[in-house]
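Look for subunit A in each of the two complexes below; its partner is subunit B in the first and subunit C in the second.
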Partner chain A sequence: MKPTHQFLAEDTVAGYEHKTIIHGVSLSIPSNKISVIIGANACGKSTLLKTMARLIKPESGKITLDGKPIDKFAPKPLAKVLGLLPQSPIVPEGISVSDLIGRGRFPHQSWLGGWTKKDYEAVAEAMEIMKITELANRNIDELSGGQRQRVWIAMALAQQTDILFLDEPTTFLDITYQVEILDLLTDLNRKHGTTIVMVLHDINLSARYADYIFALREGKLLAEGEPSEVITSELIKDVFGLDSTVISDPVSGSPLIVPIGRHHVVK
Partner chain B sequence: MANLTASQDKPQGTQVPKRFAIVLIVGLIALGVCVLVSLAFGSRAMGLKEVLDGLFRPEVDSYSASVVQKRIGRTVFSLLAGGALGVSGALMQAVTRNPIADPSILGVNTGATLFVVGGIAFLNIGSANEYIVLACIGAAITAIFVFGVGSLGRGGATPIKLVLAGAATSAALSSLISAIMIPRAQVMDQLRFWQVGSVGAATWDDIAVFSPFLIVGILIAFVTAPALNALALGDEAATGLGVRTGVLRLVASAAGVVLCGAVTALAGPIGFVGLLATHLVRLLIGPDQRYLIPMSALAGAVVLTVSDVIGRILGSPGELEVGIVTAFVGAPILILLAMRSKVRSL
Partner chain C sequence: MNNLTTNNTIAYIMAGRRQRSRRYWGVTTVLAVISLLLCFLMLYFGNTIYSIDKIARVLGGEQIKGATFAIHTIRLPRMLAGLFAGFAFGVAGHIFQTMLRNPLANPNVLGITTGSSAAAVYCIVILHTSEAVVSVVSVAAGLVTVTLLYLLSRRRAFSIGRLILVGIGLDAMLSSVITYLLQKSASQDVPAAFRWLSGSLNGSKLEELPPLVITVLVLAPIILLLGKHLSLLELGEQSASSLGIHTDRTRIALILCSVCMIAMATATTGPIAFVSFLAGPIARRLVGVGHTNIIPAGLVGVILVLAADLIGQFAFETRFPVGVITGILGAPYLIFLLIRMNRKGDF
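Take a look at the complex of A and B:
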């Protein structure tokens, strides 16, 4: 099992050049759990995730890993603990599945050391977890969207970090693949204890797969907690401005949001 | 380099590109052949026996021997310069994640040329060292300018915008070069040959001055290759993997500029070699920089040396400058590449 880490954001203010998007967020990532950040479009979900994953330097406030600010770590050692799968990484033309996944080993390799047995094992294990071993020698260009996403997650897994940030890992995927990806990530968390923090669009899948939810509105943390505690019709109204009824998901028992629009409402 | 024994245990994790061994062997054979051909052809063509006699038994035929000896320097320089241009192209493509980034297309060559021409006309420079330093400064300034202009507006430095910025800059700098040269007839004679790109004029002393730049540039390329592999996945993914993207870009582009600048200083602007070499290699063994960079050096050496031989054959009894030959071969390839939609994503 992966070791426990304390990952904190303290009063974090962050954004892009001329626009502050995150206005003072403090949170603690539950170790060895799956956390999901939810919120409406442009509420700062991805910005918060990127700031925690050190892609964006916060304007003020601190992001710390085990008490040490993340910008005080050397990049490679930090990359052994903290992994990241961006929303739209770039696929180099003509790259094979195993080459791409192997690039996740970068922080573990020294220039002269080259590829060690550990590297091969990590790549093989990542492919096994994502169930893509038989695709190893295929070109990424030939794969379906769902397979591609599994390859990218395998790349992040080959990095063998204790904490993994994923920015909308299920976007653009059919519902079948969305469920498949979330199941695989859950396997990873349950078997290896990897701390997972991700941004998801689908609120019902978030409620089902998250151990812990962070709800964001306009760059501020509105609520946090286990889905069964925080997902209520009041919260959905606050976060998304949407009327809804929350029922118990007949499959998982987690909260299920049933939106109420202006049409198709049985009186 | 990859651990071969482990890759046999776990074929699914194999990291050496498919066909790498074959491509390497074919490449080395091609290199050997082009060395022989380069020694044999010229205004006086020689048979294999004459070449070998000239090389190893100069006492048999002293005339052949002196011709071959003269061609050795030229061949060595064209191999080194071609290798440098191949690596320079690979580095610039990796840094910009742009498949058509080549020193000549980005106008970097022309910038180097302008500075050397200016140096000769106004500063009376004469030594190879001065050529190289001025060429590198010119190359660096042009590279920064073209990337700056090409990155303006939406979407950052797309291949199309970079080509346009490079072509426009190149045209402007070329006219400046003409403006400097035309009123100076005596400088022009000295420069005419150089300005089109020719490997024929290099002396052993030039090669000695050139070598340190080549070695430093290629060493940096080899050291940065794994990080460049991470950079290929995008800046965000690379940062997540522990790469300092800013530092990496700076160091790798500096190496690319030095390699291109040093070649341009001694041989004049030679276009398209980096583009041809890297695309040929990428087609054969894929995009892994750890293999792409050394193989691009090999391919660049072959491409430039073969082009030089073609120039000597076509231009006989004089010679056609190698810069003209590479442009004739390279331009159609560039058009082909630009027409493919995939060019946008490297």
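Take a look at the complex of A and C:
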């Protein structure tokens, strides 16, 4: 099992050059659990994730991993603990699946040396978890969107970090693949204890797969807690500005949001 | 996890990697052999053809009437200039193309080479400085051009399409500076400055080569050391950064090394058109992706320069400088890429 870590953000303010997007967020990521950040478009979900992964330098506030500010870590040691799968990763044309996944081994490798036994094991294991072993020597250009996404996650898995951030890992995927990816990530969390933090678009899948929810609105943390506690029609109104009824998901027992629009409403 | 299946997976991955690695080394060896062969042909062909035995003896230091002069003063410097400049152009071009993930993003197309040339021509025809000063100034001018290019194309978000358009503009502007300087210059300076317009191995002198040779021998290993970093940069800023590299530092180090190599090569042979542009994509086609392809790109650069020079020297009634031949080869490919990029809507 992966060790526990304390990952904290305190009063974090962050954004891009002239635009502040995150206005003072403080949170503690539950270790060895799956957390999902939800919120409307442009509320700063991705920005928050990127700031916590040190891709964006916060304007103020403190982000610490086990008590040490993340900007005090050298890149490689941090990359051994914390991995991030960006929203739209860039694929080098024509690369093979196993070579690409192998690039996730960088923080564990020396500057020059080739693959060690550990590298092979990590890549093989990552491919097994993602169920893509038979794709190992295929060219990534030939894969479907769902397969590619699994390859990307496998690359992040090969990095063997204790904490894994994923920025919308299911976007652009068919519903079948969305569920499949989320199941695989849950396997990973349950079997290995990997702490997972992800941004998801689908609120109902979030409520089902998350152990813990962070709800953002306009760069501020509006609510947090277990889905069954925080997902209410009031919260959905606050976060998304949407009227809804929250019922119990007949499959999982988690909250299920049924939106109320202007049409198709039984009086 | 079932251990047996894990071992099977490992064996499967290993087999694929071994196959790709065999292809890499196979292709690299063939490229190296062709390069050596071309080096030999550069020494062999000329107004007089000497026997292999004679060439070997001359290279060994023996004085043979006629042969020593032809080989030591003309053919050897020409071959070495082509060898090192070709390698430098090939490697530097490949670094830019890989780092910026676009074959058009290349020192040649972006005006960096032309920036070096313009500064060199200025030194030669206006300031009349020594060769050493010309080298230093042209390296500095290459770096200034890169900085200018970066600043001009930055505006809010970085876009590769804008970078390329700005680069093409810079290139045109700097070319016109060169033409202007040549018009203004005294006629006796023109031949010396002329080779800055189209790269040429004519008149290469042994004593002018050390700066280029040293630059390549020092910087190429550094670039090779950064090979893995380069392959991560290829995955984009965010992935590279979360995999544990200092993206800015790595990029600056790679740009510095590439620009120094290319400017030094340009200072020695002039801008040999399109070599830095063609070498990387050709190497990639031959070797495949997954490897960093730095050495194959360098070797393809060598082959392009030496082969084009041999063609320019001996294939036609008139002798053409090497840059004319590579220009004829490269221009259609440039047009092809521009059309393809336009279709994909990258601009």
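Things worth noting here:
Everything below uses one rule, namely that the second predicted complex is superposed on the first by the 265 of 267 C-alpha atoms of A that agree within 3 Å, B and C clash if a C-alpha of one lies under 4 Å from a C-alpha of the other, contacts with A are read in each partner's own complex, and residues count from 1 in each chain.
Keep this in mind: a contact is a pair of C-beta atoms (placed from the backbone, for glycine too) under 8 Å apart; a residue touches a chain by one contact, two chains touch by 3 or more.
Predicted model only: the values in this text are computed from it and were never measured.
Aligning the two structures on subunit A places subunit B and subunit C in a clash.
Within the superposed three-chain model, A:Val266 lies out of touch with both subunit B and subunit C [touch as defined at top].
Of the two partner chains, subunit B and subunit C are each touched by A:Gly104. In the superposition on chain A, A:Met1 makes contact with neither subunit B nor subunit C. Residue contacts after overlaying the shared chain place A:Pro86 against subunit B and subunit C alike.
Contacts of A:Asn137 after superposition: both subunit B and subunit C are touched. In the superposition on chain A, A:Thr116 makes contact with subunit B only, not with subunit C.
Touch criterion met: A:Glu17 reaches subunit C, while subunit B stays clear of it.
Look at A:Val251: by the touch rule set out above, it reaches neither subunit B nor subunit C. Note: residues 50, 53-55, 75-80, 82-84, 86, 89-90, 92-96, 98-100, 103-104, 106-107, 109, 111, 115, 120-121, 123-124, 127, 133, 136-137, 159, 165 of subunit A belong to the subunit B contact set and to the subunit C contact set alike, using the contact criterion stated above. Of all residues in subunit B, those touching subunit A in their complex are 1-3, 6-7, 9-15, 17-18, 97, 99, 223, 226-227, 229-230, 232-234, 236-237, 239-244, 282-283, 286-288, 342, 345-346. Here subunit A touches subunit C in the complex through residues 17, 50, 53-55, 75-80, 82-84, 86, 89-90, 92-96, 98-100, 103-104, 106-107, 109, 111-112, 115, 120-121, 123-125, 127-128, 133, 136-137, 159, 165, going by the rule given at the top. Subunit A contributes residues 50, 53-55, 75-80, 82-86, 88-96, 98-100, 102-104, 106-107, 109, 111, 114-117, 119-121, 123-124, 127, 133, 136-137, 155-156, 159, 165 to its touches with subunit B in the complex.
Those residues of subunit C whose C-beta lies close enough to touch subunit A in the complex are 1, 5-6, 9-10, 12-17, 19-20, 101, 156, 225, 228, 231-232, 234-239, 241-246, 284, 288-290.
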